[in-house]
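Accompanying notes for the structure given below.
Just so it is clear, A, B and C label the chains in written order, and each chain counts residues from 1 on its own.
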Amino acid sequence: MFLREHWYVAALASELESRPLSRQILGEHVAIYRTTGGEIVALADSCPHRGYPLSLGTVVGEQLVCGYHGFTFDCLGKCVSVPGQDRVPSRADVRRFPVVQQGPWVWIWMGRGEADPTALPVTPWLVDTEGWSSVAGVAKIDAPFHFLVDNLLDLSHETYLHNGSIGTPEVATTPIEVEVDDASNVVRVYRHMKSVDCPPFYSRTTGLVGKIDRWQDVEYFAPGFYLLNARIAPIGEPPLEDGSDDHAFHMKILYGLTPSTDDKVYDFWALARDFCVGDSEVDVFLEQMQTAVVQEDVDALNILQTRAEAVLEVSEVSIKIDRGGLAARRVLAAMADSLTPA
Amino acid sequence: MFLREHWYVAALASELESRPLSRQILGEHVAIYRTTGGEIVALADSCPHRGYPLSLGTVVGEQLVCGYHGFTFDCLGKCVSVPGQDRVPSRADVRRFPVVQQGPWVWIWMGRGEADPTALPVTPWLVDTEGWSSVAGVAKIDAPFHFLVDNLLDLSHETYLHNGSIGTPEVATTPIEVEVDDASNVVRVYRHMKSVDCPPFYSRTTGLVGKIDRWQDVEYFAPGFYLLNARIAPIGEPPLEDGSDDHAFHMKILYGLTPSTDDKVYDFWALARDFCVGDSEVDVFLEQMQTAVVQEDVDALNILQTRAEAVLEVSEVSIKIDRGGLAARRVLAAMADSLTPA
Amino acid sequence: MFLREHWYVAALASELESRPLSRQILGEHVAIYRTTGGEIVALADSCPHRGYPLSLGTVVGEQLVCGYHGFTFDCLGKCVSVPGQDRVPSRADVRRFPVVQQGPWVWIWMGRGEADPTALPVTPWLVDTEGWSSVAGVAKIDAPFHFLVDNLLDLSHETYLHNGSIGTPEVATTPIEVEVDDASNVVRVYRHMKSVDCPPFYSRTTGLVGKIDRWQDVEYFAPGFYLLNARIAPIGEPPLEDGSDDHAFHMKILYGLTPSTDDKVYDFWALARDFCVGDSEVDVFLEQMQTAVVQEDVDALNILQTRAEAVLEVSEVSIKIDRGGLAARRVLAAMADSLTPA
């Protein structure tokens, strides 16, 4: 039921300190940790002996030692020692999952086959910090993955759910354009607002006052990566014909949508900006602001799920603002169908 | 499974301030709120767009605006605007439930047909305050509706469960009389205690000391309204032949029994008295005392439900004190049977 | 599914003060209390009237009075009075369970037949305090009974889970000997460690420093009683040929394993020692130390159960250290099989 042959964000690099991290991804428990040498490792989080979580164990050098009876594993998941005897049973190895760090995010490959490095989403603004600053975080939502897809593909909710930070009336009233690239499983939603108020999220950081032009260009790379290209500029000053756009402020708002179980999803986020670069006060402001915005989404989706659990079927009345979300559903359904043997 | 074609108490008037109230009644989520103009409105608490609770929205004048994407509804549940387009889909209306305020209580009609105003319980002591003072409250019980019916129909439990406030030994030992009016679905239970101790609940407010005559005349109007006519008087001084009873103290103890779900029930209560009228200290004393008494019932019924959930069948041994409760069960079962097509 | 015809520890004597204790044992709710005269009584914890827990009632002399409507029971479970009438229904009695106090532990017989006094485990170190001091406690584990059996039969986990108190590397590395007495349903596991470090648990109380000989001789009397005979002695000084062993320190570590429900178990424990007898500071130290050790087991087993609930089947890789636990499983399975009609 999960789309496994894809990269998903599994952790923030900052979460991987001395103790292993336990995370349930696509239904599987994974222990993620950094070895003494600095390598990031992800192993199935269940000791083959009696099922105790390996994430409760201890990292010793390049090895992970189970906290119950001491079964010990190397970075490839191979069991290298057990208590009370010299011979190590061959069945005692655990599965290792490929991981790749890109800036603040650690990506994981949960697929059955080999990891496909060319399928890894490209996030240069997080990795090559020349000209960009970024902050990142994560929240867990007690609602299904597709609730979060719906939420992010229809930003008109900013006006109501996030009206103190990023929402202004024009987000809800401005019509959208939707493009679907079925071959690449990408949904794009464009909303270009002209001569609108600058919301607190941007006025505080850009210094712009009064009316602005505000673009929200969404790219959803199904299933697990979402990129909102935000452009804030003085009125009537579009990018130049050569593509340069130095008079505007740009923010890349990235989301990693990672299903945990059927009814829970991790909401990883990162904000990269090409202004106030290196300004740690702006870092703090944006991190606090975005954490609050994400929590508003978490609260709303948790409530939706609580309600959905109580009824057999939730009927929906969709309107034009929903075209992006409905397109994403179709793309995801097609991807799932393609997994089914004919 | 619910008896829908009846009035139930849905809220205290005091609960309806600036923010909408969410309440689950007979299994349905209802958003109850007061408009800027003062009208009380009850709508189905689920936005037709994506199911977000309307109770989390904002009252703007006479309209309710959904807090997720801004679908907007008038007092009749008609959707009057949606974001991003001018045309409002015809399927976007929500159900409105008739409500009537009577003093501190707001009644609701959850039935499929038209509301029947003549079926509304009569509670003059709460509405016409001439000669009466009242206090009111509500508790939610994590146990089925019928547990609360059992509890209220057999007041012998006062002696044990409420022995610090309204219970004295004679409540349990004094035999009861039971009358059933099958045509009107009313069960009456009479307990007339002669020359008994005055419990703290009444001695503090009436000033009576030593022995009293104490009557408990219960009227249960199935399914949702219960009235305990309490009479406290000096020994051997019954009402006069002309019905006047000025030498006695009277209290009307009203309960609104409102099923929330199959296994939860709201326990609305109100106390009206014809003594110490207008004395706010007595108001405070009685409100605190009754809140504590109700909480004792809540705790007991919650525990009973926890136990009942763990067993397939709870066997019972009924005795004479249970005749009121058993009569109420028969009346309710007959009402339910009458709903079933022959 | 439970092995009923056995004695289980039901309570600590110290838990039976003025108020009845509610405990679920082998799936059944039991009210355990001490009468005014000092007798310990265990009755089915459900009033026959409406199922209210009798453990919420009041002990009045030798009787227990239900806290809801006052049904009253004697020490044999016979209902001796009900409210509102003189005649007591014959069906109103409740089941009484035989109990026996032995020192700090109260044993119960949940079997359908007569209690078998000869089957009661012998714990002289707790009862006859000549030459012995003891402390006792109890914890509840949200995991099945057999998880606790596994835990106690394989002490190699001390090295990892209890490494700050009773675990040293040699517990895990020292091979074990296992004996099974199928006729008596007893599993014995011997681990004799020579010239090893003395863990904090013993060094603090015995005063031994440096290397010691340390024996762990386990006797598991299936299903409900476990005895760890611990022997701490200077290096190379085994017991004398006549069996005397005065130069060693002995501790009896007793566990009462009492299934509560299918997936919960009570973990009663007692520590008896033949050194520092009567020293209350050592009592306090050992009680705190053992409480912490037991909590480490509780945490680990709760986590295992949380994981086990999420999967259909937990696969296991067993090694030599597991021979005691596997033997215990076989003995318990044989006992369960013997209950099944051929």
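Quick note on the criterion: a contact is a pair of C-beta atoms (placed from the backbone, for glycine too) under 8 Å apart; a residue touches a chain by one contact, two chains touch by 3 or more.
These numbers come from a predicted model, not from an experiment.
Peer 1: On C-alpha atoms alone, could you tell me the rotation angle mapping chain A onto chain B? Nearest 5 degrees is fine.
Peer 2: In degrees, rounded to 5: 120.
Peer 1: Under the over-half criterion for shared residue numbers, do copies chain B and chain C use the same patch or different patches to meet?
Peer 2: Mostly different residues: under half of the interface numbers shared.
Peer 1: Which integer distance in Å separates the CA centroid of chain B from that of chain C?
Peer 2: 48
Peer 1: At which residue positions does chain A touch at least two other chains?
Peer 2: none
Peer 1: Can you list the residues on chain B that touch chain C in the complex?
Peer 2: 150, 154, 156-157, 159-161, 172-176, 300, 303-304, 307-308, 314-321
Peer 1: List the residues on chain A that touch chain C in their complex, please.
Peer 2: Against chain C, the touching part of chain A is residues 29, 46, 48-53, 56, 65-70, 82-85, 89, 91-92.
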